[in-house]
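Read through the structures below before going on.
Below, chain A partners chain B and then partners chain C, in two separate complexes.
Right, the complex of A and B next:
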């Protein structure tokens, strides 16, 4: 460990590189195994001894997933809920975040603390009351309600992040635009939003990943098959223990993760900056 | 919620927004206009979060049959829950689960951060690859590991057999299910610790290490008195974020064991979920939900205090 502990570039890197590769194998090995299984035939997937890489690679499992009657609907629901929730969070989060950064008024501190407090209430504690309330007013199985609930989970962080981003923009820029006769909405739209675009991208990326990956909210509040997402469809396969096909399921896993994998690949910098924001002061 | 990766990260820079900075342009005056800017966000949070939070408290005082309320019963539900051995078992399972996962994730995450920080460009590339599973959903992670651990066809039981260990029932074994779920949780979440620890390490001034070198300190001294001292606050807040996440995590357990075998993986959160969907008697489920809520808010407040100090 001695090479790893010091941080000077003087020590040899070879042991550290070897150990880094070890971590990469631990993390990526299981994922690679799932990927390999998805290209195997159903028979080869359960062969003993298991094959490391398919003898005869096939895309049949992927075709089967795409051919499935409910796939398009599940996929569409996943996209609508995730995009809808993030758009809604930004629509309500940008005005609130801007006001938090730029206005001084009595009660602002209380408002921001209430928003912070809501982020501490775990979704699991609200399953029973929310189910009861939705059932009472007949709003179970509503796509719009699910979208709003998912949105509420990311609104607190959206407001707080945007407030910090806006605060980092010098107020003098706004003042000179005011002098030139621009109103508040023009300033936000033409001046502030373009300036804080990287921040908004980070918030949106994390929001999409969070809502796309949700299982509980959709499974509990919209149990109807027509309203389910890819995540719910995947878990339902696990419950269907008799008909389980591992190669099909791993193909499903890959497809259900593809959007977040692509997003992560494209914007991992924003993703990481979003994760570490506020955690470390440089 | 399994996916709320950043649930509490938002609190990080509380001090700056709450303070009256010179950047604020309008003089303080009581006006309804600023509230309009907050109204849509507050409305949604009220309907989805605040009102149900109050309502679960009210539910916990009701006598219930399925989802029907049949009258006020005071503390009966609380007495029923707190005097049941099954409840205390879920508390115990939750504690073991959170502590075990946390220990695994922090140790692995710290080790990975230290190692990758010293691996030069290779480390930079691998760091991104290693963070990758963090983006996967709990249903996906659960499905993959269910396959890897499958006693009949999975590769891990196969490797165990090759080395002469009887894999037995794996997740079907009441003594093994919880440890296995802890391993999977640590596997999924240690990259998060790694990223946080790395960010903190990279903010340490190089001069501090040089100073130790001048004083003749070795690598262990550097680690103990420079690295560890500097990243401890970040590690603390990361550990709290993870504790909150683990405590509320249900999907992995739903997929991998369904709370079994014999209740050996039934955590408080899983119990709240099970009570909601089975809907036999929601009064006691409301009490369990409140317990989860209070622990979470408690940890959240500690987190806010801690990060407030870090950034302050």
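Right, the complex of A and C next:
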């Protein structure tokens, strides 16, 4: 009897556990490989047969990355573009999402569909026309323009997410605040923003990941070395270097991934509850 | 405090009218309930008084000032919502003090206002809690506290007890009535529960399909309903209605049985509807024969659902002798409390 009770759930869970392990290996394998390689010497990194773990771990690659004078500048650019794009997307997306959730106006449904449709256009399809446009008006290599373009990529999803989260807030809470003497701005500031904080964390995280990992936008519209991001610098190393130092590059990759991982760790609680709330709302 | 006047107030959504011209005068300090079935327009009317809905026609005056088009915050009124509408991320104290914060009141003023309201509603020990940590009754009290803090001219309540269980509803009903007796603030209270309306109000406004059917004191509506709708809506269980004819000073049912008519109506000679409340039927050997279908004893009284032909008749008896299902009983109405209604119009014939 007790055997049946204990073996039942375990047997049922075994395939699920195996599947989870399989996908974890696929997802985490390259990450672990990069991490391990970043602690290897250059010689060991290209040794045949390859070693799984470094024979003698070294931090030299990390020191080299930090000693690289362009790293700080590239890192700073990445932060500015990503944070700027997300802040701009929230500045536009929160009022727009609120309006979509709370106001009734002619053509609202069509407008929301158009906003959604814009995010379905592949960014690559817009590269050439946008490049010619910016080149014509002399706005290539502008950090502000790159930030705006990156922001434009994430605004549609931001508007939709925020609209869903605002809809989940009972309208009576706002009406109650109206009765208490609040105006629309005070309602958004004092009630809506705190109540949709998980939603904001979710869209901000997705936005940061999207913009931080962007390569093509910065590479095409800001080709100047002084304007490049970590992602562009990384790719440049692959093509420009006389000999690629894999261990150095993996250290670079690990450092470049850290801000996004750290941010996810910080807002994980809000992020998950935000995604759940959005899903429940449908 | 202020009086509230509604003059031919109308509301339409597009081409669909929902309130057809309501005129009601609410005196300073009066407790008025708007009562009616779902969809009758009572909540819409309340929201129009609050300023949460536009007015399609007519005038609303609060304290003599016309407030059509005046935003809610400038009407000096407070509203308690059905689902309480508390701010979930704020403590009880912050919820109650939010309106004062918006008014840029000093910290001391805010604290004093919140303390006063909390004492009135016995919320002092709960001030640091969040709404999620409160029971339904406590949440309801916080919602009222939020209204009291503002010291408004008019309180509006939109079915505030609907989400509470039966016992708590009765308790909160008493608390709201006591609160009104203490503060004497003009109050407009929406409910679909006629018992709530009867027990709490100085004046009841009965609404049906966007129209006012009757306005009056609770017992006035109970004793002198203007029409069959009010007669059937006010009172629980509902009034029994029997179809027939007034002739020769009596009311003759379709099967030929006769019921007595009040002296003032014995001159009538037409088709009509005979109305008698369950509590105004008494057992009598020379009464109308009924076959008992269901017996529902509640202790203090017994509700009996009986049949006369195809007609279902509800009786309430206070004696201890319980009839049995299938048994034939005879009842006669208290003739002084009988109502007769015009068959086509539904209006009471007096």
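What we mean here is this: the second predicted complex is superposed on the first by the 239 of 282 C-alpha atoms of A that agree within 3 Å, B and C clash if a C-alpha of one lies under 4 Å from a C-alpha of the other, contacts with A are read in each partner's own complex, and residues count from 1 in each chain.
Methods note: a residue touches a chain if its C-beta (ideal position, glycine included) is under 8 Å from a C-beta of that chain, and two chains touch if they have at least 3 such contacts.
Model, not experiment: these values are computed from the prediction.
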Applying the touch criterion given at the start, work out whether A:186 contacts chain B, chain C, both or neither, answering first, second, both or neither. second
Identify the partner contact of A:175: answer first if only chain B is touched, second if only chain C is, both if each is, neither if none is. both
Looking at A:138 after the superposition, I want to know if it touches chain B, chain C, both of them or none. Which is it: first, second, both, neither? neither
In the superposition, chain B vs chain C on chain A residues touched: B
Looking at the overlay, does A:243 come into contact with chain B only (first), chain C only (second), both, or neither? neither
Does the superposition put A:195 against chain B (first), chain C (second), both, or neither? second
Which chain A residues are contacted by chain C in one complex and by chain B in the other? 170, 175
Partner chain B, residues of chain A touching it in the complex: 1-9, 11, 13, 16-17, 19-21, 23-24, 26-28, 30-31, 33-34, 37, 45-46, 48-50, 88, 91-93, 95-96, 98-109, 111-112, 114-133, 135, 148-149, 151-153, 155-157, 159-161, 163-164, 167, 170-171, 174-175, 206, 209-217, 220, 231-232, 234-235, 237-238, 246, 249-250, 253, 256-257, 260-261, 263-264, 268, 271-272, 274-282
Can you name the residues of chain C that touch chain A in the complex? 50-52, 71-73, 77-79, 81-83, 85-89, 98-99, 102-103, 146, 150
Which residues of chain A touch chain C once you look at their complex with the stated criterion? 170, 172-173, 175-183, 186, 190-191, 194-195
